[in-house]
Amino acid sequence: MILDQVIFLITALVIIIAAILVVSVPKMIHAALWLILALAGIAVLFVLLQASFFAVVQVIVYIGAIAVLVIFAVMLTRKAMQDDGPQLNRYSVLAAAVCLMLFVVLTGMLLSWDGASSLPVNPAVHPDTIINLGESLTNPQGYLLPFEVASILLLAALVGAIFIGREHRAGKEEE
Amino acid sequence: MIPLSWYLILSAALVCVGVFGVISRRNAIAMLLGVELILNAVNINLLAFWRYKDVSHVTGQVFTIMVITAAAAEVAVGLAIFIAVYRNKRTIAAEDVADLKG
Amino acid sequence: MTISWLYIGIFLVVSLGLPAVAIILAGILAPKKPSLEKSMIYECGVETHGETWVQFKAQYYLIGLVFLIFDIETVFLYPWAVAFDRLGVFAVLEGLLFIGILAGGLVYAWKKGAFEWV
Amino acid sequence: MNFLSDPVTFIGNWLTGLVANLGIPKETASAWVTGVAVGILPLLAMLWVLVLIWYERKVIGRLQDRPGPNRVGPFGLIQPVADMLKIFIKEHILPAGIDRIPYNLAPILAVGGVLGMWIVVPFSATVHGVDINVGALYVIAVGAIGTLGIIFAGYSSNNKYALLAAFRVVAQLISYEIPMVLALLVPVLLARSMGMNSIVQAQPVWFILIAPLAALLFFISSIAEVGRSPFDLAEAESEIVAGFNTEYSGLKFGMFYVGEFLHAFTNSLIFTALFLGGWQGPGAEQFPILGFIYFFLKTVVVHFLGIAIRGSMPRFRIDQVMQLNWKLFTPIALAAFSSAALVEKLATNWADAARIGIHFLVNMIILGVVVLIGGRVFRARGIRLDALAQRNRAAVKFSMEKSHDS
């Protein structure tokens, strides 16, 4: 089917352009907005990969939550970087060269690998994969430990971030 | 049908853009956005390998969940640190905040 | 499956395109007489004063933070709920432990005053 | 297949036959017809908004002892059309210093984020949009796009009140998404599926009877998601001018309202599908048109309830909104979901009636405990506030007496 290839190429183009803008536009808030576009494009890729659960999770978690959090943080700290100053540090040209080289090397390695051109094993994913996923998340023989560790990690992140991010009022501390 | 290499090359490109962002942006939040791009590239790879191998093995999907969790935790704590630093020093340019250097 | 998502794609494009077309159409139909006075920012009847981007409370960030953590944990419970028939009692208890840890985070945020809006 | 019993499928089949006669294979023809139908659905939804606006203004009017719109056309039916024509030819004022792309994107996202939900709604036994296996989460995901629209509007308007309002609204929207997602988890758990149609099919007994708490939480949070009274902080004129859309004019301004009216109805659709059995009812399987009518009637009841609340409740303060969510709704949602999971697993092999009874009982116990504890806490707080007010009054009186003396 040629249609999915066309969709893939358009989406990939959008993602790459948006990603480059994320790391290069001077205004932080614009970087956040371009990030949203890149993340939405990645959600489309997940649909093409028939991982529909992850496509919606991508939108809910990245666009609905992480992007909002980033925008909040940009608003809270925006006075720090007056947006007209230089946004790239003095290594930026060097960094661009290194990244370009990294990309060339990675692509070369990928193309020389035999498995790179392989096609999907089975054309349509059975919708039961979500059930498989859910089952293995709480199966001791499956991924119970990572699942619970993830929840501990999130709890730790919550505790840490609240502790750091909370406004310490001078008067309140002494009470 | 899309060959696997397309996904891999796209995610390689995304990683490179992300690395560039982390190295060369001055604003700490922008560096964090670069990290987000890298982690998303990882997710593309994980799900692509899950799709192009045996789909009944959900390892790739479980790893994606872990990466998303880690990304969220990283963003939450990272941004909180930047906000706290900003409150104390009125800057979030990464090179100005070198107090934690050993 | 894939064809369904194609329909969803069409649908989303149309649902975003419809208001866009309406707005463009209205833009063509509507009179265009811009003036300096008109384009000034509205602010309770007086001229705008000071910088637009006023400083925000860290409270917004804390709310967003708690939301992010809860959102992720809840979303990952969905496959677990779908697979409910295949789970044993032990697996259900594991899921409840997951929720319990989540609730612990809520209690911590509550105690630290993340939800006090002063 | 009879036209009266299932008009949509009938027309679909007829059109497919027509296209197939042109020499296109049957499947391709069917796919094309479905694609066109999918493209038309948003248009119908947008036109439906005209009816919604009239209906809502009329109901609110009657609730407040006014006639509501009654001049243009019979019962004022043409009023929304007149309003629409007017708003279409109003000038688009571009304020100074706006950020153009997000500014223009915001109203589009606000409407698109609501319209997008319609694709997964199961209207009847045979007409159910697209039945993806992540339908319930899809609804939440599309809702997140609407939130983005509000952030864009607030940020790009170059107006501090708009920005402030947008931040408040976004804080409210993301907060109430948590009880909403948790409450949505209960029907998913009971139906063992995220597909909207599967959830409807799993409801010979409506889920509102099995999980009344989840239904209540979902209903309240969906009102908060729309941002209507009592959660209409977005338009607290006394505090933040007109809200995040202060700097919008003409149809761009109108789009936010189209989005709001449509969102209220869409949420009623989703609530009906999730908790009130959707199109289920006597004879709905044989005659899909009946299912459509049942679905519509149930939705109208839910929608009316929302409007009645809008017409009769005062607005919460922002701190009340936040505390209500995080200190009351989220813990209840967690408790309701955990208890549902536990009961469902322990009572797997029981008779249906017993299982449902236990579910209901547990829900009521949780509600009772919440009311008991919550009542006590709020009473204690009220006494504290009373004492505070008394002290303040005394202080004011004292200072006034002092000023009189001197």
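Should a chain be cited, it is by its letter among A, B, C and D, assigned in written order, with residues numbered from 1 in that chain.
Just so we're on the same page, contacts are C-beta pairs under 8 Å (C-beta built on N, C-alpha and C of every residue); 3 or more make two chains touch, one makes a residue touch a chain.
Quick caveat: nothing in here was measured; it's all calculated off a predicted structure.
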Selected interface, A-D versus A-B, where C-beta contact pairs are more numerous: A-B
Between chain D and chain B, distance of the C-alpha-averaged centres to the nearest whole Å: 34
Between chain A and chain B, centroid-to-centroid distance (C-alpha), Å: 6
Whole-Å separation of chain centres (CA-atom averages), chain A against chain D: 29
Separation of mean Cα positions, chain D and chain C [Å, integer]: 14
Junction residues of chain A, two or more chains touched: 4, 50, 52-53, 57, 60-61, 64-66, 68-69, 72-73, 75-76, 79, 125, 127, 130, 132-133, 137, 147, 150, 154, 157-158, 161-162, 165, 167
Residues of chain C whose C-beta touches two or more other chains: 1, 5-6, 53, 56, 58, 60-61, 64-69, 71-72, 75-76, 78, 81-84, 87, 92, 95, 102, 109, 114
Junction residues of chain D - those touching two or more other chains: 132-133, 137-138, 163, 167, 174, 177, 194
Pairwise touch network: line, ring, star, complete, or other: other
Of all residues in chain D, those that touch chain A in their complex: 102, 132-134, 137-138, 140-145, 147-148, 151-152, 155, 163, 167, 170, 174, 177, 194
Sites on chain A touched by chain B in the complex: 1, 4-5, 8, 12, 15-16, 19-20, 22-23, 28, 31-32, 35, 38-39, 42, 45-46, 48-51, 53-54, 57-58, 61-62, 65-66, 69-70, 73-74, 76-77, 79-81, 86-89, 91-92, 95-96, 98-100, 102-103, 106-107, 110-111, 115-123, 125-126, 129, 132-133, 136-137, 142-143, 146-147, 150, 153-154, 156-158, 160-162, 164-165, 167
Residue ranges of chain B touching chain A (in the complex, touch as defined): 1-10, 12-21, 23-27, 29-30, 32-34, 36-37, 40, 43-44, 47-48, 50-56, 58, 61-62, 64-66, 68-77, 79-84, 86-87, 90-95
Chain C contact footprint on chain A (complex, rising order): 3-4, 47, 50, 52-53, 57, 60-61, 64-66, 68-69, 72-73, 75-76, 78-79, 124-125, 127, 130-135, 137-140, 144, 147-148, 150-152, 154-155, 157-159, 161-163, 165-167
Residues of chain C defined as touching chain A within the complex: 1-2, 5-6, 53, 55-62, 64-69, 71-73, 75-76, 78-84, 86-87, 90-92, 94-95, 97-98, 101-102, 104-105, 108-109, 112-114
